[in-house]
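For clarity, chains are labelled A, B, C and D in written order, and residue numbers in each chain start from 1.
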Amino acid sequence: MTTSVSIIGGSGYGGGELLRLLLAHPNVDVQQVTSRSHLGEYVYQVHPNLRKQTQLKFVDPAQIEPVDALFLAQPHGQAQHNIEQYAALAGKIVDLSADFRLRDPALYEKWYGEKHAAPDWLGRFVYGLPELHRAELATADYVSGVGCNATASNLALLPLVKADLIEPSAPVIVEIKVGSSESGAEGNVGSHHAERASVIRTFSAFGHRHTAEVIQEMGLGRVSLTMTAVDLVRGVLATVHAQAKPGAANKDLWKAYRAAASENPFVRVVKESRGVYRVPEPKVLAGSNYADLGFEFDESSGHVVSICAIDNLMKGAAGSAVQCMNLMLGLDETAGLEFMGLHPI
Amino acid sequence: MTTSVSIIGGSGYGGGELLRLLLAHPNVDVQQVTSRSHLGEYVYQVHPNLRKQTQLKFVDPAQIEPVDALFLAQPHGQAQHNIEQYAALAGKIVDLSADFRLRDPALYEKWYGEKHAAPDWLGRFVYGLPELHRAELATADYVSGVGCNATASNLALLPLVKADLIEPSAPVIVEIKVGSSESGAEGNVGSHHAERASVIRTFSAFGHRHTAEVIQEMGLGRVSLTMTAVDLVRGVLATVHAQAKPGAANKDLWKAYRAAASENPFVRVVKESRGVYRVPEPKVLAGSNYADLGFEFDESSGHVVSICAIDNLMKGAAGSAVQCMNLMLGLDETAGLEFMGLHPI
Amino acid sequence: MTTSVSIIGGSGYGGGELLRLLLAHPNVDVQQVTSRSHLGEYVYQVHPNLRKQTQLKFVDPAQIEPVDALFLAQPHGQAQHNIEQYAALAGKIVDLSADFRLRDPALYEKWYGEKHAAPDWLGRFVYGLPELHRAELATADYVSGVGCNATASNLALLPLVKADLIEPSAPVIVEIKVGSSESGAEGNVGSHHAERASVIRTFSAFGHRHTAEVIQEMGLGRVSLTMTAVDLVRGVLATVHAQAKPGAANKDLWKAYRAAASENPFVRVVKESRGVYRVPEPKVLAGSNYADLGFEFDESSGHVVSICAIDNLMKGAAGSAVQCMNLMLGLDETAGLEFMGLHPI
Amino acid sequence: MTTSVSIIGGSGYGGGELLRLLLAHPNVDVQQVTSRSHLGEYVYQVHPNLRKQTQLKFVDPAQIEPVDALFLAQPHGQAQHNIEQYAALAGKIVDLSADFRLRDPALYEKWYGEKHAAPDWLGRFVYGLPELHRAELATADYVSGVGCNATASNLALLPLVKADLIEPSAPVIVEIKVGSSESGAEGNVGSHHAERASVIRTFSAFGHRHTAEVIQEMGLGRVSLTMTAVDLVRGVLATVHAQAKPGAANKDLWKAYRAAASENPFVRVVKESRGVYRVPEPKVLAGSNYADLGFEFDESSGHVVSICAIDNLMKGAAGSAVQCMNLMLGLDETAGLEFMGLHPI
């Protein structure tokens, strides 16, 4: 028996990736996909990889019909205005935007600069990272997506926080390097290839909005995210600098990271002593849902460097969303997410 | 029932891609993979995308045991020296190297500069491009791989030649642009990233060895391949310039290209009048087995430009090899080759 | 004694490159630079390489004052409407746009799709490629710029045409590969880094407007330019396929190419038999005014492949414009154009 | 009057860049350049940008004759074995390798893993960063080069340390992103374009040898350098995270950074509130000797982020070396270093 799903907002990068995953998903039947700017076009005219896969055309959001599960993949700030209407259409909703990621309306207002339009709904959503909320997701009706940079940060921190290995009072510095798909299909003033190629551009030293998700999910007070754009299309690498608690030893870290990998089907530890691929790297994750973790620990100073690589459109967006859907529907957690990634690429 | 397969030569790019496809193939069970230079290493240490997919280690070629189907993915010039031995191990063989692509030993000697070591075997192999030899492949035991540049050229020419639309006596100029994975995992003097990034390097104006495969398969006398390296990892674009026969009209070309797409599951026509993706482009084919075709025709002069984009490691190597295996074994031609490619990438 | 110059249209890529060259030019004093969209901004806010080089700010075109020489670097279609006004401001004008490149108003209308607004002025301009019009430039008051793709094509053809080595009746196929700076600072629908990175995109098979400049300057009737975008920012490579006249020998081509290099300070022949850099490559020309030429000749078939690499913003635009100015003013032809380019890059 | 100079080790990237600068230098005459691996080749066969600039060929190091100034551009560990011999050939020596950067033989042994071969010479060398040692360089005979990563780190720290704005006891975390030219012309196992393109590869979390130069020059005890390779050829960006002293205010930082820019001809502050280029970026520095500095300061937490962008082959190697030579010879500090860099690139 297949589940019927539709996507609100399918012409952006997150929506396109969702569509790719859902079209190939063994238990899902995609009904409708919306886009106002590409109304009436075949979805493959916008997402050329979908040619010969589907004859779906983009429809107007007003035409959406009831389905089992609805994915919202609009720009931030929209879903919160229509959530009642969407809830009337589908029993299960996954919203990829930032609208329902934070539990506290005050935290939302602080980081997003305006009051939340549907604060009562915040408590009804589960934060959509299975590595943090697997059990809750199994019974959830409403699930938020995740910020891609927050996800790389949270997963880099997960083994350390779960094993209680770092000083919560010490500052945690997260250096994040990102590709150009993060700026979305519309791009921005610096997205032109001639300006964006070969960059190392630290476009935000402090204050990235995804910081709020790290604070909320990791319970850490002093966290900063520093964002640097580099030359690739897909991928995020988070390098976390933290201070270990006194007495923490290298073997404790190994144990914590191995536990993360064994408990989570899409987490791997990459820490090799030879060859080209010794550390986590996002480029080999393009299209895959894996989060690759690595670490280095200077026992003498207690300085821990924890690294997480993901594909921002997969584990950092559409991949985690589908993984959540699988859990919500009682399907195999990895269904439709088996693509291994490519080498070389 | 699954088919047992092994790969001779699994640490190169073609072998790695084969391994990725075969590990995910629903009807196949990978037994052994060889590599002398990486003997004893886990395959995922060389191909990082295979981590958590398999615990296979590279073994010595001498340790290979009998299987249903054997893939040979060694450098050119090796398989022809061991073909008897390999044929004793497996009833079905697909050789990705250039050793058995040409039917005529004289043609082999002309283009490869030395006598063939097993000329009697040349006639027993079928050229492994399903779009050209689907029926023969269904009953073949021995199948050669295809040259990636030859494949892009042959598929760009296929609709034109099949519909008898071009002048066979006029020169056919094929301009090919290629990525860095074409030079193989070992690379060459110009493979260093600092020398290879941002290049437009016409490394061969005439005489590329794959020309022989275009001559053989298309039956065209005056064909030249001009090779230009550009900055991407995976991908080939062949731009063919040919002279149409008098009377050929635009609609004849449309018909010919549409026929190619309808007869072949992995051929698509890309010819849009708006949007970003109006023409075939290899970047959206990374990891997919599609060949995207397009054309422009100047009716007044008869100048035809035919374009084919492929992933050189897929349709140009491992993908076609698996497609051949599917045909040889009576499986669904597209089994294990469903990956759609990514957008953006 | 220095020459006073101003630039109309300085915020685009051509204008910025002109500014870089003129600020460093030993015989020139830059007075004013215009930009409506960046009015009042420091030029270094748009062109970050000019920081600490000048305190010039962009002014309105209406504020331009009389100078010795005026450069027009606006989008195509503008200069022809204001040429009288500009001629009143400066005795010497170099227009980088396409407005005054063609001598024949009918040819302009054919390729640009509208009537020329100042057809009487077409005959007063000299086509600004010193390799073709050095003597005329020395006495010219009005000089057009050159199309970057036309320049790569014309210089690739120059030795062959000048030595009368190719069949004028045979088709000449020019395959051009270009970087992203060609689309201008405003970019276009496909300029977003995520869509433009790693492309091999044949965006125009026939009919590129620069074809008209090749027809005009080379006197060849059957020329086609096929345009392919590849992943680099600066650079054009033109690969010309032509048919040699009967009897032409390899040594004739060597002689013709060497002559081009010895007669022109910015032309070099690149044809090495070993090392990485055996052929002309645009990447090592970034910022330099050189045109690197190479060729391969198949004596048996008469097929000539001629290659020219340039930096589209230098030899293909601002560099040639400054070279023309030097000639117009009786300065050393190479003044201000000495930058060698970088290796690696 | 010109100064005669020669280069020991001219086929690598540092040596090639030196050669480019010295060939164009108005006060210098290049005599000889050595390379064992390219003996007898024209220098332009290795460095294609030097074609038509010089007819110099690589000679054997044993053939080097006395000159005014000698540059050593060999791999690390060689100059220390021949320093006596070189000192007999030239009164002024600049060694670009790591051999004479550290003053303390024990520090050398700790970071380089072996005893120094000429410890008596360590005290005779001045560390070759003019921004730190301008006065000493004016009277120096022996000058070391600088580590490229150390230079980006030291210059990012310079304003903060000089104005005594940061806590010396708090850890200083330097996140460095680098291009592929850092691995040298020989490259390494991961240099193949197909493996190196699109990477974000944190190849060293702790312990990079250049750390020793930051410790020595900045007098900071707790410094770590974390190295991440990204996809560009030339360029380093250092992002320094430090803790400000209590009471430090944003205006104090502005004052410190502006002072650095006004005291040093090749230092600029980049901190804009609009446009594409708001922060220091290495890509626009390719070929230039500038160090661009920027900062962000969170007054509430005292967290300072200081950024420095350089071209690793220029300010991080050959450019600083020529700047030192200028000072040693009493020439204009900026002679031969005027190239502005390119935009776009």
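Methods note: a contact is a pair of C-beta atoms (placed from the backbone, for glycine too) under 8 Å apart; a residue touches a chain by one contact, two chains touch by 3 or more.
Not measured: the values here are computed from a predicted model.
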Of B-D and C-D, whichever chain pair has more C-beta contact pairs: C-D
Length of the line joining the C-alpha centres of chain B and chain D, rounded to whole Å: 45
Inter-centroid spacing, chain D versus chain C (mean Cα positions, whole Å): 35
Residues of chain A whose C-beta touches two or more other chains: 13, 181, 185, 194, 197-198, 231-233, 275, 281, 344-345
Touch-based graph of the chains, sorted into line, ring, star, complete or other: complete
In the complex, chain A residues that touch chain D: 171, 173, 175, 177, 189-190, 194-195, 197-203, 205-206, 222, 224, 226, 228, 230-233, 235, 237, 239, 241, 275-276, 278-283, 294, 296, 298, 301, 303, 305, 307, 309, 344-345
Touch list for chain B against partner chain A, complex: 13, 16-17, 20, 23-24, 41, 45-53, 181, 185, 233-234, 261, 268, 270, 272, 274-275, 277, 281, 284, 286-288, 290, 292, 338-345
Chain D contact footprint on chain B (complex, rising order): 13, 179-181, 183, 185, 187, 191-194, 196-198, 231-233
